[in-house]
């Protein structure tokens, strides 16, 4: 069995164990079904409600992905600007922290007034949730460069832009990518929270609506089914981003190499 | 005897009767030590009630009561403190909206939650469409930003006040009750377990609350308002007085069956007809044992009618 | 030596690090344009600090620094560590300063390839720094500096990580280039033999705080033959430098 | 004028400029006061309502700080466990991503039902919001070690724990601290969101309650006053964390040094 | 040489890096217990790779590796780079392996201080690596290895960053320690003179792929006097190694 196959097996086994634990706990403590249903009940409901939940997932995922792109684009741009000029840093950081700290429900009304399309408003709200970790990591990464490498650039008269493009950005990549990985899941939860706050229902209803609806109707199994879908989407997104991160860092020879090592004896 | 009673929203005049009962020691007189817990827009009120974090709670409308049955959650409705739902639509006087017939073509701000309840009634009755909807976040700003084209959902007891104060105009009010949405509101819900084990205490709570409501509506509301303002400092005397006057004006608490049977009154006919409407509009599934959603054994006894008479005469 | 026509002048340079270590005290150093000077001294005496100040990468605590000509491209430095960018291959690393100096692509490639050939790494063109041996990395760093064709070349133990044969070959190549282009060289080395073989004069530093304590001219004309290394004069000069070094005193 | 004083001056000037811009925009576009009030109106309201808002801020800040401690503790512990064992990693990451992706309002019921004290529930909810960036950065940092330094530890028979304590953790510190900085602001917004979900009002009401209540009543100036307080708290927290981060990294000689450099000529 | 009683045996060792570079091909190397072997070879021929395989830090693509005794503390390595932990001071860096090996605190301090004195850094005790010069860093690395008192000591150009005086002093100290403790040494160096002065035999590697092409015994008894360096035999041996090195062929 190859290492990768073994890895996948282990991963699946752990997941199965977690689900078993969940079912076991629910049964052992006789947790009522309308509080926390067991995974079997949730799975059954997931199957039953698939025609409602999957389109909702698609809507939310679409919002989240768009928001991720917007958030990463904005955060990296702002991070670059903040590092390029102290003046800009002092302007950008307070605004960024403020936007991060203010809950979506409080900004949603303003956004809804000024943005005609609800879909656009949702993307904006979700992006607001996702962008700060990327910004923070980008700034940290851009600032943590090797002083000798920087000397090299100074020596040959590099402009700030050249230093940025050929030194700071590649050197900051591990930080930026770690931030993007966090932003991926945040964009997803941001999309849901935005849906809560901005409230769409009907045919373009996202998962948030299904979660709320199930909550009000006390169809908790369905609510958990929606949450499970959300979690699955989150895991998938996280896994993809992590994989992409690894590939990119390896390509750029920035990965912390794991070399083949001898076993203890031999 | 201790009872934890959860509100489904933050403290306001809509709960005036309960606060009055608390403030004037009516509960204590009935041998009860009642703790009122506020709710809020995202507070999982129903689940807290079902899980036993609360002994008693309030349902916003009858749909929730039916949902308890549909999902086999052991919670029952025992009294309806609002005979009419206080929900309404607000329009600018120049928007040309005089009744629900005029809503076609208007943009309507409706909260997500309400799209599953009264919006279905409205939509079916008046041939409206989902495409008219925009989200309502309980913030009237989008309405005020474009009052000639936008119609906003509201609690008749609160938002008209805000609109008048901030927007500077007296809005047209369309009561949803008049549009055929005849749900009870502020429905007192209790877990079956509590009902069975502490039947007597529950009855005393209902009776004391009814007295509280009569006292609040027809007596001096100051004690309740004091408590409400303490619990929710954003409340003002002004607003509370406004809300209370609307409760009276629209007969939200004391009208219809309640005039005969006392506050809290409920009837089988109303529960049946609402359920049938809900099925017709696709909000609930047919075939539900809907009678299990409630019990009439605690109300309809004319409790407090004499108190009401005394209060009115005293004035 | 007069200061007019000097490629580099350090006057009364003093440097104290933030932790209080006085790395340099009242250091004077004048490099005539086109001269080849070797700098030797015990470990930790301040050679690298001097070089960084000379290159304009570090502001001295006191004293005056002048370079002529100055500006991007005039000075090249081979740091004591290779200082390569891990995310680009050998060719990219060597072409980097050329890019920063705004040279056209064709010119960049030509110069980079020439420099790589010079240090014997033309076969490692597309390897990344983490795929190179220690000596190979250092040679990339040397090639990077040479490719810019600087007027002033500051080298901090550039060949220390190389075996004798490679080192001697590179010594010879460097001399050939120098004779051909006549740039100014300040060459820090630990090898007394290398210093005497390459330079027109050898400066000896003493530590704590660092200053120049001895100047030993090597009046052998360039280009120098291999035979010079076997000569008695060479041995005598090396002896003299070693003695000065011993007198300067190191740590152990 | 010393560099630091100049810096502070610049910072203040930029902030003032931002406020001016805000006031200017509000006046120029005649934004109605019930949509976005100008900073002057907000400042006046802030002063007027100080006796309501400051205690609310204290409550929220208390929740946020506790949540930050809990989140950082949990995230670093879990990050360490994930790096120590692949098995644990496969168990921890899915759960962590799930918890991150599921909105607070959806988990709040379960927490509120099982946790007696509302304050504790609030802290837990806020910690849930804050902990993922720390976890992600911790794992990234712990995995990105210098292979030669690791060889050194292997060579002398270091146990996993020793490697962790003396190599991985110090090496990961820049990543962990960047994560904590993000977590600080997230804990604050998390506290507010948790207050929404747990619905505490009355005397121990935090800022969330003030924000919502003011929003419904269209006392938008007060809502903005609350938001301004929140933002100020966020900025303060962020600034403190950033300063602490710098000091710590400098003490451990992990900072990217900025050396005194000569000006272009001389 | 017999393999019983050998401190290190490499048999038919081959190493191919993931990028396809064949660093070593069929390398055999046996170090008798208590012997002192020098390894020289052109830049990039595979010396560091050999050392890492010998230390058990890199699994060879093929072949057999045996160490006796083995286990933590038996082997110490001085890497080509200093590999210091930036967040702790010199003392902490040197004490690290001793801590890992579970030595008591007092013993750790004693050994660390002894080793630091040996390399002449007892005054830099509380400096952090980023406050040291290149040569000082390398000396810390040497002290760290010596402090563990290993049975097998693998050194990758430990003194390349040091000036002649310091280097010679450390050469002498190393020999003194070796005579005293009789551990086994594999010493990679670029200095032919250092190799001949220190070792009982000099191995010469050739590149592409790396293998050992020459073994030159140096039958001068230990302790060796300074006079040995001036002897004709020394010069002849150096010449022989240089010739072998030249024949091995490097990059340039």
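First chain written, first letter: the chains are A, B, C, D and E, and each begins at residue 1.
Note that in this section contacts are C-beta pairs under 8 Å (C-beta built on N, C-alpha and C of every residue); 3 or more make two chains touch, one makes a residue touch a chain.
Worth saying up front: this structure is predicted, and the values here are computed from it rather than measured.
Chemist: Quick check on the contact graph: shortest path length from chain B to chain C, in steps?
Modeler: Minimum step count, chain B to chain C: 2.
Chemist: Averaging each chain's C-alpha atoms to get its centre, pick out the one most distant from chain C.
Modeler: Chain B.
Chemist: Does B-D or D-E have the larger number of C-beta pairs in contact?
Modeler: Output for the comparison: B-D.
Chemist: If you average the CA atoms of chain B and of chain E, how many Å lie between those two points?
Modeler: Roughly 85 Å separates the two chain centres.
Chemist: With chain centres taken as the means of their Cα atoms, state the distance from chain C to chain D in Å.
Modeler: Chain centres of chain C and chain D, defined by C-alpha means, are spaced 49 Å apart.
Chemist: Just give me the whole-number Å value for how far the CA centre of chain A lies from that of chain B.
Modeler: 40
Chemist: Counting only residues that touch at least two other chains, what does the list for chain E look like?
Modeler: 56-57, 81, in rising order.
Chemist: Would you pick out the residues of chain D that each touch at least 2 other chains?
Modeler: In chain D, 35, 105, 109, 113, 146, 154, 196, 212, 215, 257, 259, 261 touch at least two other chains.
Chemist: Please output the residue numbers of chain B that touch at least 2 other chains, ranges allowed.
Modeler: 42, 44, 47, 51, 137, 139, 141, 145
Chemist: Would you mind writing out the residues of chain A in touch with chain C in their complex?
Modeler: Touching chain C: residues 146, 148-149, 151-158, 162, 166-167, 170, 173, 252-254, 257 of chain A.
Chemist: Considering the complex alone, what residue numbers of chain A touch chain B?
Modeler: Chain A reaches chain B through residues 32-35, 105, 108-110, 112-113, 118, 196-203, 209, 212-213, 215-220.
Chemist: For a test of understanding, state which residues of chain C touch chain A in their complex under the given definition.
Modeler: Against chain A, the touching part of chain C is residues 52, 55-57, 71-73, 75-77, 79, 81, 83, 85-87, 96-97, 99-101, 128-130, 148.
Chemist: Taking the touch rule as given, give the residues of chain E at its contact with chain C in the complex, in rising order.
Modeler: Its residues touching chain C are 17, 19, 21, 40-44, 47-48, 80-81, 118-121, 123, 127, 131-136, 139, 156-157, 160-167, 169-170, 173, 190-192, 242, 245-246, 250-252.
Chemist: In the complex, go through chain B and note every residue touching chain A.
Modeler: 42, 44, 46-47, 50-51, 63-64, 67-68, 70-73, 111-113, 115-116, 130, 133-137, 139, 141-142, 145
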